[in-house]
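Each of the next two complexes has chain A plus one other chain: chain B in the first, chain C in the second.
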Partner chain A sequence: MKRKKSGLWLFAVVLSLVLAVGSAWAQETIKVGVVGPRTGSAAATGKAFEEGIKLGTDYVNAKGGVLGKKLEIVFEDTAGAPDKAASGFERLVTRDKVVMVLGESVSSSALAEIEVADRFKVPFIVVEAWADPITAKGYKYVFRAGPCNSGVVSETIAKWVVAEKFKRAFIVAETSDWGLGIAELSKSALTKAGVQFEAMTTERESKDHYTELNKIKAFDPDVVLAYIYGSGLHYFVAQAGEVKLTPKAIILDGAGPPSLWPDFWKNVGDYGNLECFVSSMHEKVELTKLATEYREAYQKAFGTPPTDYKSRSIFDSILIAADAINRAGSTDADKLVDALEKTSLLVTRGTVKFGTEKGGTEYHQWMPPMLVIQWQNKEQVVLYPPEAATGKLMR
Partner chain B sequence: MFALAGMNGLVIGAIYALAALGVSLVVGIMNVINFAHGELYILAGYFSYLFANAFGMNFALAMTLAVALVFLFGLLIEYTLIRPTYGNDMYSLILTFILSIVLQNAYLLIFGPYPNKPPNWVGGSTLILGSFYYGNQRLAALIAGSAVITLVFLVIKKTWFGRIIRATSQDREMAELNGVNTKRLNMLSFGLGCALAAAAGVILAPIFPVTPTAGVPVALTAFVVVVLGGMGSLWGCVIGGLIIGLVENFGAAYISTAYKQVFSFIILILVLLSRPSGLFGRREA
Partner chain C sequence: MTDRRFFVILFVAVGLLSLLPLGLGVYHLHVMIVSLFYVMMASSWNLLAGYTGQVSFAHAAFAGIGAYTSGILAAKFGLNPWIGVFIGTILAALIGLGMGILCLRMGGIYLSLTTLGFSEILRIVITNEYEITRGTMGLQVPGLVADYSKPAYFYIMLGGAMLTLIVLYKLIYSDIGLNFRAVQNDERAAASLGVDVVRMRVLAFTVSSALAGMAGGLYGHYLLLITPEIPSLDQQFLVLSMTVIGGMGSFLGPIIGAISLEIFSEYIRAYGEYHVLVFGLVALVVARFAPNGLMGLAEHRLRGRRKASRTVSAAAG
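Then we have the complex of A and B:
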């Protein structure tokens, strides 16, 4: 009996020691959440995010961390599904007690997450979900340090179409918040620019695009604005070559990363030549010294140069978050929002400044510069904007 | 557009039929619904990619080896997961569902999230009827798929093994009384069902590269085809697959490209309203 009692005492002492050490260790870090798809059809973004998170936390912690403590990132998988995204976001807030959340690349998931951010009053920096309503809703705690549909269309895609003197365009968009949103904006921009166009939507999960491609071919466009994400883009480009839509027409991948995925050339073969895509990253067009540092750190950590620009986007957002926490001198949500609104920070893609005027997409939005790049014999040639161009469109 | 929709409908329909045949076979004989069917299709795609690209094997050898390995894996699944659940269909359904999730995550871990593609057997495209170009790899897949479907029918209708399969699916107890080892038959049939998923996978992977989750829509379409054609009916599979392929393509060509799958579900609902057991399904007594 006595032995049993002393055993219980020993257990209680060990348990309290473990808890004490655990909580002391926990106080050594400040937690920031990241949401994004690590599984499901958009899992490639999760991989890019993981890479950017590693480099971002190493960078911040090497410079002293946040508020004198180490920065810790908790990555929650959203699987590209709005229901999982909302519950994952909530778990980060309630279970992990994160002070801020970053990330997301799927617009429908981000639209679900901003509602949770607003309800729990937790600052949320959206990184790569482009749908306009994410910031246009005017939520106090929601920011976006990345492209938005209207910015990409008005600043890059529409201007490029005009600059290349394309007369006929075809818009094909997947049935997603991002695809349908960017297609509508493209229609308005092309109408304003006087470019003749037709448009159609295609199922998000569709693998077979023969019917769509033959309809497009019948229109005889100069350029096809393809708002299709993931493997679907590979199928689209390969099948466009098979039905002989390309190379007569030029395809623009309106998202970017799928054209840079490791097996792009294996999947599309020679049909990938002359394809164009939108990107915020090119090794010969680095806008800041930090972009070069990032490329070198990436090469050192992963043994290859970076391809998916979303790894660099999440890296930037970690720097923005750390900067805001340090300037706020606190993890209080309202003080963090104040600090974020006053951000003026040089990251890999330029100087971040969030819009503060309510009533539109510009509210709490920072739009990084985007490039239009063309694959020319497996070399990336920047076509637009003219000041960053490394070559001319090849047809 | 009419000729293209017809042609593409036939090709996609034959592909659907091939993917559904394995499901139908297993349902017909064992009354087991294999939720991991799509993941076995993907596994074969990954194997053929690995053997052809990483080990430099000839594509035909890589495909044969991939199908054989998935067949063996199917035998193992039946022995370890399905056999202990005989008598309770719900357990096998849950177990194969869990298996599908485990396999998806394993693929993600091993092969990564990006699409992987084995090499094409043939390149380029052919001008059909002077009106549209069609990929040669798709034409080759149509021929290969049709050959596999024909082979399955020959085995089922013309061989001793096929006769045993038909007898067991009609009356299991009577087959047992006549000396059929139904346990061994179940194992072989499940393996064969998995091998058919694998055959579809290796034929289609050069056209539609595989990703960890690409098996989900494949399995969904296969189940729709099986229900439309009638549970356990092989002819139902072929006719069901062709109907869905044609309806999707004519719907996309003449109504909207945004609702391809909706058209097939509408057809499914209409058929089930008039024939609840599917086009070729046996009515329950």
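Then we have the complex of A and C:
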């Protein structure tokens, strides 16, 4: 009995020591939250985020961390669903007490999250959710260090369609805030450019696109602007090949990452050849020295070169957050917003500067340069912009 | 249980719970608010499955009807959310009544299949009619209180749960409740004694649907965002698990099941995808070792202790 009692005492002492050490260690870090889909049809983005988080925290902590403490990232899975995104964001703020939140790649989720950020007054840097209203709503605590729909359409997609002299285009958009938003902007841009087009919507999770593809084939387009995110795009590309819509028509994946995910070639087979996609990353188009450093660090850590550009986007946002915390000299939300508004930081995609004029998408927005790339015999060839092109469109 | 005893216990419990906002932080208060939503859902589903033996898979769908009715009326037509919740409750009751009249003569597996089909149809309609419902993008709705406040929502949900439990208690411990149990135990025997079996079933279905509609409406305005997740089958199975694990057919079981499983699911959320697996394992273990749920287990223990103490006192005497 005595032995049992002393065993219990020992256990209690060890447990309290572990807890004490744990809480002491916890005080030595500053927590920043990351939201993104780690499960669901866009789970590959979550994996890309995890890779970028590892490299980003290593980079920041190797340079002294934030406010003399180590930076700690807490990742909350949103499963690509707005309700889970909003509750996950709230959990980061109320349970984990993070000082700032970064991430997201699904616009509908981000639109739910910005409401929570606004309610709890927590700075939120959106990384890869493109819907215009995210910044156009003019929320003080919401920033975006990544592409927005209007920027991608006006600066890249519409100009590329004109440059390639496409005469007929078909727009297929998933029924999401990103898909419907970018489709509307594309319609306006194509009308302005005098390109004939037709458009339709599709269900994001749909695995069967044959009905839509037959209608598209009947229109006989030169290019199909496919605004479908997740593994749904793989079904679309493979079935477009089966109904022989491609290679006569060129498909542009208007998001990018699904064409770069590891299972892309397994799912689409040879039908993936000549497919085009939007991206902000190509090893021959590295705008800064940090981009090269990032590629080398990625290769060293994971044994392969980086593919999904969203790993680099979250890496950049971690650097932006750390820089703002250090310049603010505090974790106070309003001081962080002030510091973010004054950001002028060189990251892998260029120099970050957020717009400060209210009343449009440009408010708290920094738009990185985007590329149009084509798969040519499983090699990535940059087509647009012309100054970055590494080859010509193959049909 | 006498009326007096029930109300004393209820008001003492509500009084104690009312003190929680003084001691709990924002996060823990959120967990309690969600728990209260599940108390409403599991208790009202228990009226169907536990007291009249009708296994419906449309309970979450009725919560969705309440949430979307109230949400659309508030977001698109600017109607006061409280009036919206009331209309949502009435609409859920009417659809429940209509569905009850149509399919409750069938009973058994046919009722389960019909409600399963209804649930899925509703999900597809909500997802596809995105111009009205915003589908999977989620419908942002105004709150029930002007300034967002967790304690205010806690008291609102506590009030909703209290109302649900009073309605259920009054129904279960009345002549109608006696008829419910008679229908559950042996519907032929009940019918031979003059109990209108179908009418009893329709009544239970309508009341249960209305309570789910009210719970959904309140919950939607708490989340400020309504998505097809509310009327999903995932949500339905969660409510089912809570009732079964807590103890189906007992008044207290679903309450204990809802609160304990919601708290438990918050703890195991860190395991990501595995948290569903852990949840399933717990349900399996409970089903194997405590088929009457946690309440059944507690009653068994209590009975065992009483028996033991009687034996001891008899031996001493």
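Please note the rule applied: the second predicted complex is superposed on the first by the 372 of 395 C-alpha atoms of A that agree within 3 Å, B and C clash if a C-alpha of one lies under 4 Å from a C-alpha of the other, contacts with A are read in each partner's own complex, and residues count from 1 in each chain.
Operating definition for what follows: contacts are C-beta pairs under 8 Å (C-beta built on N, C-alpha and C of every residue); 3 or more make two chains touch, one makes a residue touch a chain.
Every value quoted in this text rests on a predicted model; they were computed, and no experiment measured them.
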{"item": "Partner chain(s) touched by A:266 [first = chain B, second = chain C, both, neither]", "value": "first"}
{"item": "First (chain B), second (chain C), both or neither touched by A:90", "value": "second"}
{"item": "Partner chain(s) touched by A:235 [first = chain B, second = chain C, both, neither]", "value": "first"}
{"item": "Partner chain in contact with A:39 - chain B first, chain C second, else both or neither", "value": "both"}
{"item": "Which of chain B and chain C A:175 touches, first, second, both or neither", "value": "both"}
{"item": "Contacts of A:334 with chain B and chain C, given as first, second, both or neither", "value": "neither"}
{"item": "First, second, both or neither for A:212, with chain B first and chain C second", "value": "first"}
{"item": "Chain A: partner with more touched residues, chain B or chain C", "value": "B"}
{"item": "Contacts of A:296 with chain B and chain C, given as first, second, both or neither", "value": "neither"}
{"item": "Contacts of A:119 with chain B and chain C, given as first, second, both or neither", "value": "second"}
{"item": "Residues of chain A contacting chain B in one complex and chain C in the other", "value": "39, 175, 203"}
{"item": "Of all residues in chain C, those that touch chain A in their complex", "value": "25-27, 30, 127-128, 130, 135-138, 140, 148, 223-225, 227, 229-230, 272-273"}
{"item": "Contacting residues of chain A [partner chain B, same complex]", "value": "39-41, 43-44, 46-47, 175, 200-203, 205-208, 210-212, 214-215, 218, 231, 234-235, 239, 242-244, 261-263, 266-267, 269"}
{"item": "Chain B residues touching chain A - in the complex, by the definition given at the top", "value": "1, 4-5, 8, 12, 53, 104-105, 108, 112-117, 120, 123-125, 132-135, 138, 208-209, 211-214, 217, 249, 252-253, 256-261"}
{"item": "Of chain A, residues touching chain C in the complex", "value": "38-39, 77, 81-84, 86-87, 90-91, 94-95, 108, 111-112, 115, 119, 175-177, 203-204"}
